[in-house]
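After this come two complexes, each holding chain A, first together with chain B and then together with chain C.
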Partner chain A sequence: MTSATVKGFTNEFAKMRQLGVVPVGSALLLGVLGLTMIAALGDPSFAEPRTRSWLPMLGGMSMGVALMSPLMLAVLASRQVDIEHQGQGWLLSATSGLTPGQVCRAKLVALGAVVAMITIATNVIILGVGLALGVPAPPPVGHWLAAVSGALLVSLVLLALHVVLAAKVENQLVGLGIGVLGTLFAAFASGLPTWLAHLAPWGYYALTRAAEYQGESVVLLLPSWPSLLGLAVVGGVVFALVTGRLDRQEV
Partner chain B sequence: MSYIVTTENLTKRYRDRTVVDGVDLRVPTGCVYGFLGPNGAGKSTTLKMVLSLIRPTSGAVQVLGQPMTRQTRRDLLGRIGSLIEAPPGYAHLTGAENMRLVQRLLGLEDAQVEHAVRTVRMNDQMDKKVGHYSLGMKQRLGIAMALARRPELLVLDEPSNGLDPAGIEEMRELLRGLAEDGVTVMVSSHLLGEIDKTATVLGILSGGRMIFQGTRDELFAASTPDVLLDCSAPERAQAVLSRIGPATLEGSAVRLAGPGNRAVAGAVAALVGDGIGVHGVRRDEQTLEDVFAELTSGGGL
Partner chain C sequence: MNALLAELIKLKRSLSWPVVVLLPLALVVSAVVNTLVSGQPLEDGWATLWLRSLVFGGLFPLALGVGTLASLVWRVEHRGNNWNVLMSGPTPTWRIVVAKGIVVAGLSAAMQVLLHLAVLVMGEVLGLPGGMPVAYLGISALIMIACVPLAVLQSGLSMVLRSFAAPIAVALVGSGISIMLLMAGLDAALVSPYGLFSRTTQLGTGTFLDDGSTSAIDVVMILSLSVGLTAGLLAATTWFINRRDTHA
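Moving on to the complex of A and B:
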């Protein structure tokens, strides 16, 4: 990263004040936490401390991330970008040496850091709740980390999508509408054939589920890394191309 | 004379519409350059090309002795303050927080920011949210953002737009003060009156073309004012003079539109020949306003 990019990144954090990042981030955290607890407490094994297991909690966590993230990420990205349209920010940055593409990249990094922090906080709390509930087995750390990293990767791709969308399309209702459609797609993706889930980035949350019911019992799952890698490469290339074009675009 | 900004044949076309057409700017170092033209004349487009925010279709820009291109832009923009079209500012942040963003991007000292804020007299407003600012305060904050880098060149696009008369007067004083501090100021307006008293050099743009560039005195000299003839029988005089050129009745006088000296002599001779007494011949008082209106409607000198 050049020093301009680092300064741009720091500035994006400074711009987050009063922008609703805390309420939106809290909604994401509490939503995932709530769905995790509903899934756990709804599982018959949770009736007795002795039979409690991490698996229903992890399954609930994955479901919560898939249901909550699409809209919350759209809101975060849209608010962070809309201030540039409203405040002549593109021109201000350009005349201070930061191109629109660089601004967008700085926004992705800053928002990505926020989402990563929310993800870590959510999972630390889930771990704490599980321990407090006296789940007897040790947590399945490997599967857990893999699922969380996979889902975070999907979220970063979605953030990138929403950042460039909000930059290109001034009407922020467009991005939010796509976030709502994404939520629906993510909700149904786990029931769709796998190839269908691959067709839109929201579907990839289904490929990162930590656990799922197979018959009566819950089993641990690992993310399907080749698919996620494919998503990351396509998302990264598209983001680089679009922000590169923004750099050359006239303001 | 040394020029801080020059352009050669600067042209911008959108599709097949030529918005800026072969403009050769000459902005002397240290002056206040008034860049005038009616709305849609191409002022903002020209200024954006000067700042390399948009690419010229053809032609070249030199700023601070260097070609201004996408490659040199980063370094040069650190030495140029600018305010193009609407003033910038994040409404959800305070004035101080907005200034800090600029300070970080450009690596400025606290003292530079403080000085800029004091120059535009916004020091008491910095803890308020920009969303609660009046337009005049936003303009001043925008100028503070541009000034904080201690620019050698300040480019202001219609800074008086939307300001009340007091605000416009304050802007004038600000520009004069900056010029005294040695900053070259390029300021655009669609109203001559706004920059008439501050600008030492004027450039007038109309329909994308530069129709005049020079000092105020040169502008006056370049255009011929009307002549008023006071005579004994104005109605008859008008009839006689109308045969020679456009003549209108004005009280006890007849007005001839922009005649040369020879035409005036001819007119007097014609009246005397017809037995009309001529007891006064005078050039009309001409305001810069008139000259500007004449130029921009007629399309050139």
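Moving on to the complex of A and C:
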């Protein structure tokens, strides 16, 4: 990274102070926590301390991430990018040495760091709640980490999508509308056949579920890494191409 | 009246219309696709189709739609110099607030009409037995009324918060919290426009908070809460904007 890109990255954090990232991020965190607890308390085995297990909590966490993230990521990206349209920020950055493509990449890295921190905080709290409730078995650390990293990967791809969308289309209705439709798709994706879930990035949340009900009992799942890797490669290449084109366009 | 006419002119070229059309269609189509791929038939015919489109929509997607409409209706005022023009004109604040509220509520009502029609058409296409129950007409009318306080609240949020996205995020969080409180048995959460709206979409379906029978008490409660909340929110919005200004 050159010093200009480092500067661009720290600038994005300065911009966040006025953009309500804290309330939106807290909403994401609390929403996932709330849905996790609803799922856990809705499981009859959770009422009795001796039969309590991590699995309903993990399943609830995956569901919460899939339901909350699509819209909240769209909101975070839209706000972070819209100020450049509103305040002629593209031109200002370009004249001070940062092309629009570099600005977009800085925004993705900065927002990605925020989303990663929210993800870590959410899961640490869930772990704490589980320990405080005295879940007898040790937490399934391997499955947990795998599911969380998989879901984070999907979130980062969605974030990249929304950053370029908000940059290319000035009307923020488009990005937010896609976020709403993405929420619908993510909500249904876990019930769809796997090949259908592969058709849009929101469906990939369904491939990262940590646990699901099979009949009466909950079983642990591992993310399907080849699909996620494919999504990451496609998302990364498209983001690189679009931001590369932004670099060569006149502002 | 002039303020309302001005708002209607602004609607002519507005991007609201795609939202009004696309969201109901997306809800009904996803209900049907979901039914087809899950392999579970619409065991109760019209009731199941209505449930999977309307009640799911009422949990949060329709509130997001109303929020998006409100953001769109206010967005133009936050651009360029328009805010100063709007606030320095001779039109009293309350008229602007009421006119915007009517427009957002009207667009939301149009969304509900389309949703109703989409369920009707989809049910006929699928060949569901019997006609669509007539009672659904009344429930749709009640949903449109219960949507008015929600529209006024989102309109107020979009007025105060200059951002396009923030009020929509508030709608998601507000819906989630209201439903959680209602499910936890706290009926007082009906004073939240999000809760009232969700509750109304569940009328007669026997899901979530509904026991399947719609009593006169339910209807009177929904109507009176809608009227009271609308009046209160309109007054609060006007009071706020007369004393404060918006900020990013």
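The working rule: the second predicted complex is superposed on the first by the 251 of 251 C-alpha atoms of A that agree within 3 Å, B and C clash if a C-alpha of one lies under 4 Å from a C-alpha of the other, contacts with A are read in each partner's own complex, and residues count from 1 in each chain.
FYI, contacts are C-beta pairs under 8 Å (C-beta built on N, C-alpha and C of every residue); 3 or more make two chains touch, one makes a residue touch a chain.
In this text the structure is predicted, and so the values were computed from the model without any measurement.
Once the two complexes are overlaid on the shared chain, A:98 sits against chain B while remaining clear of chain C. Of the two partner chains placed by the overlay, only chain C lies in contact with A:177; chain B stays clear of it.
By the touch criterion stated above, A:191 is placed in contact with chain C alone, chain B being left untouched. Applying the stated contact rule after C-alpha superposition, one finds that A:18 touches each of chain B and chain C. In the overlay built on the shared chain, the residue A:58 is in contact with neither chain B nor chain C. Judged by the touch definition given at the top, the superposed model places A:211 against neither chain B nor chain C. Judged by the number of chain A residues each one touches, C leads among chain B and chain C. When both complexes are aligned on chain A by C-alpha atoms, chain A residues 18 touch chain B in the first and chain C in the second.
Residues 15, 18-19, 22-23, 26-27, 30, 33-34, 37-38, 60-61, 64-65, 68, 71-72, 163-166, 168-169, 172-173, 176, 180, 248 of chain C are the ones touching chain A in the complex. Interface residues of chain B, counted against chain A in their complex, comprise 48, 51, 53-55, 74, 77-78, 80, 82, 84-93, 97, 100-102, 104-107, 130, 145-146. Note for the complex: chain A touches chain B at residues 4, 7-8, 10-11, 14-15, 17-19, 83, 86-89, 91-98, 250-251. The touching residues of chain A, counted against chain C in their complex, run 18, 20, 23-24, 27, 30-31, 34, 38, 68, 71-72, 74-75, 78-79, 82, 171-173, 176-177, 180-181, 183-185, 188, 191-193, 196.
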